[in-house]
């Protein structure tokens, strides 16, 4: 009986796809328009703008790439990437107390952050397995919860139980870490390792090489058995379970990988910034990365490497030009600041709404198909069926 | 097969640990201070030079007159610098390549150049630079407000 | 013999349903209360503080109840209601109302905003059933950041509210001195030694709480509970589920608007810009600590939860400080409240409707 | 020695009960290599349970295992999980698709059995980091598809495939397992077009030639006759017949399926068909979009005061009728009650016209599991008819009348003998039978003129069953309420109803008086099965 709708299904599918493409492109398009309007108003020199964008691409791409794997495993936007960021910060704080500087310092910080990230990732993954269907809100609250633990460790245990030697990073009271930890002797060491200058635009080649390696890794990872399992789990947990895939474990692994990558990404991010805002560097990072990814045209259940780079460019262009443009239009510099915050949140809200409505529409589409089929059936059968 | 995996894992872990250890060694950062000061050692006086130009990694980091102090940040225990020394005013400067091993435990290291050039042992020309503890007012932690302290500025 | 086993089982079962986090938090507060006199904290002052802060926050926590009842989940979109309240507050001052009357006018002006915003919010939540909590969170964030621009741009003129030097744009904090500072708390305030009881505020809270309680006993209130308990059942019984959910969202939004006004009259200031940003989280964790779940909440949960939560907020700094000379209150508050929300989100029975 | 002559599969004295409820009794079955066995029986005859036992389904073990023994190639086996069964060469294609929608056919065919290539990273982090060998995958999938003999595009995504091809992908997945010796097909043709079904039958013959045994479950008896070597007929948990397909025909099989001893087929003794009674409810060209229970073009008339039964096999659409009329699923057509047309897709309008409905989905639709019995019983009446309310302020405030609610609940607790601690107990804590009684009480409290009851005895014990049916009859007799009762159990319909309509393929295949012969009903049930 349902086979009768075959042709119908395929033709309908094509129409839906056009709509989908348009919908996926809508957010990037909106941002292109915002940027196109704001860039001339802001009046920034092209070279300054290009420099800023290239810097931010180097700084943020790695972090944003860390979001891709949980999306692949169907766990949505990993608001818990903040956990990895905190692990990275702990690594950096310790390394700067031990006075390990430059690239070796970064490598060591990464090595320290990995076990912490793994532990946090396992914890987060286990909790998310208990909250299937509401992963995002749970990972979001999780980031606050772990932030509490992080504060406990950094503000009370460091210098108290975990030895911290240097008074330049320790609070005067003898324990706890200062609000800012300087990474002066690590600052942009990675970016400058192989830096070339094209028309006054500094390109941090080494950073891009590392981002490139991660991209290659992600592409390779998709081809592995684990990557295949994650895609399967992401699309249908029950079917994957029936086929013998360990769904829970696969989901935990995806969160662990994301957390570890976020930790390394945070180290790259902070070496560019040159200092750690101990208690606030990580708190917004998840939100900005997610917003950038979504601006690049990703959705809650679908994201590609292309989305990452398009997102970084568009989102950060908006970020750079909005305050200036806002100040020019309204005469108040704060307007632009608030505008970009608003846009960041609005784009996430929009993406979430689009995702949920899409989920619901998919359900109703199947209903409508059946209905239309029955209408035809009804038309065909009318006259034939009699009363009984 | 299983033991093979264990072997590989152990190997990988070992490599990571080795890298970590290596980073500890090669990544150790020091600040080296150069003093061009008259110093005394074992009753002998070593006169400061008229002018010393210190070059580290091809980059001139300090130009020191008498009683001057210069500094450079370095990474690793092996430290090389080139000194361009002018003994007296008007004299021809002569250049020396100096290389030394820095003690791991010291963050800041003072090198007394006259003593160094005189070929004295390390304990003579090296001393630790200790930052005098500055009394700081304990900044009051912000008092409990009703909002969560988790916002950060945006 | 068997009696004792079932007794034990029963205790274990009730403990289990009560939840370990809740138990820890209650135990912790009790410990703080016991410790307080020993470490030299003044208990009457502490209790007075708890009562006062309860009176400020009670209505905000109460605003969770309608949405939880109709199955919309925890109202992480509380800031939307708070914004309505702030609009009411600032407009009431702008229009030149003063004293306690300005409080009344603030409520009157806030109400239409709350109803309209609540209706829009409810319409949205009906479109995205199943994903309410995450979207509510971000609707709250978006609206707060949008209002940040509005506070700067809207043509406010009252010299008590705008920045002195530029003459436009609202200040981040506006003093309510001369307006409705202590407008409710001042009514019939009782002072016994160090303890002062804001009778008016408590009565106002009681009034609203009674209102909600009564509403839940009416025909529509019963329908709301049924919608939350099993929406399919409700639909089969002829209930317009979307309409009931919409009503609950409007009620929650309106209560949030009133809640922030009550908070301000106790606190003495209007806080604008990013202040409402995270206000949903304390309210959410308070009602959960009080024993509510993602789709069940009672007035009793509100009262107990607010007292426990505010108890921890006020007691920890003083007691901990006196005890170990470390002010860990902030950290403890974050861990306790976020842990509570996490726990509620991961409960299986609460997760599936 | 024994192994050589032993059949591929032998089931000896298989018994199974669910909490004392015997569902399989002494099943003995033998299957030779390459044999195709058709397994037929009404819903609930025990086919699925038998196959679950064979396939090692976990819920069998969780409900206390089974009796008897299964021998595979003469060797005794007992599977704890389906994976063990698969390892031993048993494959099963379920009625519901178990496919990843965004994957190609190839990826689904080899899901979690993909050929891999190892690499250095996998040596460290484990074999899940082996890369997939795409070429090998394509080859294996192509081989499996070829084995099946039906052409499907192995690179097409599942969600852009026609339903039939999804079914074939599932079959190819089983065939791709090298060790496969026995394939169980559970109603595979239900979703296929005629041409696809033909292809499948040809494919089954092909498998048989390759030495793979097939157990083929279907309601389409013609298919059984055309493809199977033997036919096994089950009824009420007993294997009633096993004969070579060549020696029988559709009528005979039908009789075996529905036939019972004359002693206990007593139709309702007081069954009355009042030709003069006026038609109270007229259903005209109704279609309902209820997934799995689609209704198409159903016209029925219900007479005042009768009990009309609606029967048919599962999935044929009988459940869609009340759900569609009551507005729970998208529906179209015309429903006229007492001369007034009832708008569809609006539950409230139906309730306002004094219809009531007891849903087959007790826990999902029928009850507020986390509320008291009082609420469950009184809620619809309160909302629809403003009963159990006290009006204050001139009707502005409608206050719940707890007293009245308790009274009515206690009345029904007594009347229907609901076992509970008090009227305040939560519905979740009751047993299935008592929950069903609460659902009835809820409907009775509405005091309807027409009552739809859907599967009133599903999943409840025998005692409760009798009580529920008796209550329905009493309600019909004493209050003169017209009852439309939908049930999968023909016996139950025959003992309760006055007339019985049989739904097959979403359509009415006939209406017979309850006293008609079981064979006649059986023929109607199987007439245009989909």
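Letters A, B, C and D name the chains as they come in the text, with residue numbers starting at 1 for each one.
Just so we're on the same page, contacts are C-beta pairs under 8 Å (C-beta built on N, C-alpha and C of every residue); 3 or more make two chains touch, one makes a residue touch a chain.
This is a predicted model, so every value here is computed, not measured.
Set against the Cα centre of subunit C, the chain with the most distant centre is B.
In terms of C-beta pairs in contact, A-C outnumbers the other of B-D and A-C. One finds 80 Å separating the Cα centroids of subunit B and subunit D.
Put simply, the C-alpha centre of subunit A and that of subunit C have 31 angstrom between them.
Remark: subunit A and subunit B have CA centroids separated by 39 Å (rounded to whole angstrom). Averaging C-alpha coordinates per chain places the centre of subunit B 56 Å away from that of subunit C. Counting partner chains per residue, subunit A has residues 144, 147, 341 touching two or more of them. Residue positions of subunit C touching 2 or more other chains, listed in rising order: 281, 330, 334. Within the complex formed with subunit A, the residues of subunit B that make contact are 16, 19-20, 22-24, 26-30, 73, 75, 107, 131, 133, 136-139, 148-154. Residue ranges of subunit C in contact with subunit D, taken from their complex: 214, 217-220, 222-223, 225-226, 229-230, 232-233, 235-240, 296. Looking at the complex, you find that subunit B touches subunit D at residues 4-5, 8-9, 11-12.
Every residue of subunit A that touches subunit D in the complex is listed here, in rising order: 1-6, 9-10, 13, 220, 223-226, 228-229, 231-232, 235-236, 238-240, 242-245, 366-367, 370-371, 374-375, 377-378, 381-382, 384-388. Residues of subunit D touching subunit C in their complex: 326, 328, 347-348, 350-352, 357, 359, 364-371, 375, 379-380, 382-384, 386, 389, 397-400.
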